[in-house]
Amino acid sequence: MWRDAALVAGKDLRIEARSRVALSQVAPFGILALVMFAFALGPDRSLMAKGAPGLFWVAVLFCTVLAVQRSVSVESVDGARDGLRLSGLDPAGLFLGKAAAIAAQLLVLEAVLCVGVVLLYGARVEVPWLLAVSCLLGTIGLAATGTLYGALSAGLRVKETLLPFLFLPIAAPVLLAGTRVWQSALAGGIPADGSQWLRLLAVFDAVYLALGVVVFGPIQESA
Amino acid sequence: MSPNQSVHPPPAQSARVRTAVRVIGITAAVATACTVWLGLWVTPPDVTQGNLVRLVYIHPGVAWVALYLAFGLAAVASLLYLWPRTRGLFWDRLAAAAVEVGVVFNVCTLISGSIWGKPTWGVWWAWDARLTSTAVLLVLFLGYLALRRVPAEPEVRAKRCAFVALFAAVDIPIVHFSVLWWKTLHQGATVLNPDLSPTIHGSMAWTLLLGFVALTLVFVWMLLVRYRIGVLEDWLGTGELDVALRERQAEGAPLDEDQAA
Amino acid sequence: MAPPAPPSPAVFLHDAVALSGRFPLLAGVDLEVAAGETVLVEGPNGAGKTSLLRVCAGLVPLASGRVAVLGLDPVRQRLQVRRRMGLLSHASHLYDDLTVRENVRFAVRASGADPTRIDGACERWGLTGRVLKTGASKLSAGQRRRVALAVLTARWPELWLLDEPHAGLDASARRTLDGLVAEAQGSGVTVLIASHETGFVEALASRAVTVTGGRVTASRPIVSPGAAAGPPVALPGTDGQAVGQVAHVA
């Protein structure tokens, strides 16, 4: 399973390195989202700084939707999805590999967005390790659920509109938890206990990773 | 042999089931009528909340049905469909019926909650754990129904929808706790107390219980009717299979038909 | 002395019905292919040849009937079956953003085959030098077919399911393919070729079955090239009744 996961992750990341979609399209879209939020919240800089944690995570969610759709569309050309099924790859490994590739891309995107938030909204980082851990845990959860829903909607013609609608409510806990942790980590945030939220993220990740490993095979076969 | 002769009649519903559905329907109607009568006229208004408290006969009832009965049933039925040993389209149809009826009750929950909340809290909506979870559940239900609309073979569609229900079932508790912590940890200056329970005693308690029973019966009746509709929908599809098989085979043997004529 | 039990067939289908929505792709197929046999599957467009191969690959589950590939259920034991079998379909399953070499390497490693065979296979199919480093999006249809065939050659599974393998290939590639199938026959591989280009492939097969209307409606043995092929034997009951077992040619 791990060998298959590494193989698939490597393939997806190599495709990304060649086509550079995440870097040249999704990242600018994320920055654009941050700019749009700034327009929406008005010129009051303190308001933007206060809203920075939530806006960061909303932008991350939108980028996740795009990254998942890209990951799914890579397999739609030339019947590659059938090819993956026919190769006898362990479906659990396929799930972990695709999720890992999406997670890697998301982490890079989050780094870019983090810089954007600091620059654009004037947010000051007080506790950087809290930021990093929350991003890591949140990313794993988003990648796992995104891969699952991507596979569910893979063969459908309406997948572009259906995927966000199905995926975003499931990702809501990540948004809530990530925002709260970030609020603790940034200056002027509420000094709430961040570890409770980190535990929630960890549970979320564990649950959906376990679910994915078990059900990805049947999902693939029913596409 | 003409193709039309191969269409089977629709699967019969046994007389016992038909009677049961009818009885449940009538009981539900009677119970609801009683609740309305008791709730609106017989029971006294509350000391603090006045006539607004009459919503207590409806709101907790629809909420219980939508959040626990419908959702729980959909989740369990989906799980049973996915489990290889109990796999059968019965569970899939049951889950879909539960979700559809659950959407109706969910919307009623949100509306009745809003109506209760506006005079009490001054706002149409409060971000407490239960209301927010109900709203998220509604969106998840709608996603399930949207997925069901996508044309596919019954087994493929059933599997897909069952997975969505499964993921939703896992997610809702997490969402609930997230919002709960979100509200309680946030020491913001909100005076909104989402706890609407007034003190209940006497005839109000009986009416409340009757309301619960009546709404549960309404749900069960709607569920059974919707399930039957689902069975008929599926039958409409399979009846054509025999015709299709014959036509397909006929592609390969045009000479035989000439000889038989 | 009792005769030894016959070895289990490589492919076995009995009254197989496969559906796509409401449309029957296969409407009751009976077929038995012994291990090491090469069978040609003929039939008009839309008859169900591709569906037959896809059922054997486990991509399409049966609505009714029985199927066994290499003695295993292709749907329940799909991972084991798929690693031991190779399907050459109309699509080539290539990733546009990867080079030819990367595509072949991924496909071979994904199915657990030996990566050292890649170079030899690529060379056999004329994929050398600059072509190896070309992105898959720049390949012609024939070149994509060659890449898919190179993957099959490197994997060398026990069962080959070839769907219109000659389509899009030039003359030299066709010769290479004929040689490949002959070599596969020699090494005991079971080959099922679906084609309605009967000219080229007949030389390779030992038997030809005809698929029409989602069923196997005829079967004929193929003797050595040059001699006249035996007359097609219409199987009894193709007017709609159950078909008996197909006797296989030794």
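All chains are identified by letter, namely A, B and C, in their written order; residue positions are counted from 1 within each chain.
Note that in this section a residue touches a chain if its C-beta (ideal position, glycine included) is under 8 Å from a C-beta of that chain, and two chains touch if they have at least 3 such contacts.
Please read these numbers as outputs of a predicted model, since none were measured by experiment.
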With centres defined by CA atoms only, which chain is the most remote from chain A? C
If I average the Cα coordinates per chain and compare with the overall Cα mean, which chain comes out closest? A
Contact-richer chain pair [B-C vs A-B]: A-B
Could you please state the distance in Å, as a whole number, between where the Cα atoms of chain A are centred and where those of chain C are centred? 40
Based only on mean CA positions, could you tell me how far chain B sits from chain C in angstrom? 48
Measuring from the mean C-alpha position of chain A to the mean C-alpha position of chain B, what distance in angstrom results? 31
Per-residue multi-chain contacts in chain A, two or more chains: none
Per the contact definition, I'd like the list of chain C residues that touch chain B in the complex. 17, 19-24, 27-28, 46-47, 211-215, 217, 238-240
Over in the complex, which chain B residues touch chain A? Could you list them? 82, 136, 139-140, 142-143, 146-147, 150, 155-156, 159-160, 163-164, 166-168, 170-171, 174-175, 177-179, 181-182, 185-187
Seen from chain A, its contact residues with chain C in the complex are 4, 7-8, 11, 14-15, 18-19, 74, 77-80, 82-90, 221
Within the complex, chain A is touched by chain C residues 57, 59, 75, 78-83, 86-87, 89-98, 102, 106-107, 109-112, 135, 144
What part of chain A is in contact with chain B in the complex they form? 145, 148-149, 152, 156, 158, 162, 165-166, 169-170, 172-173, 176-177, 180, 190, 192-193, 196-197, 200, 203-204, 207-208, 211, 215, 218-219, 222-223
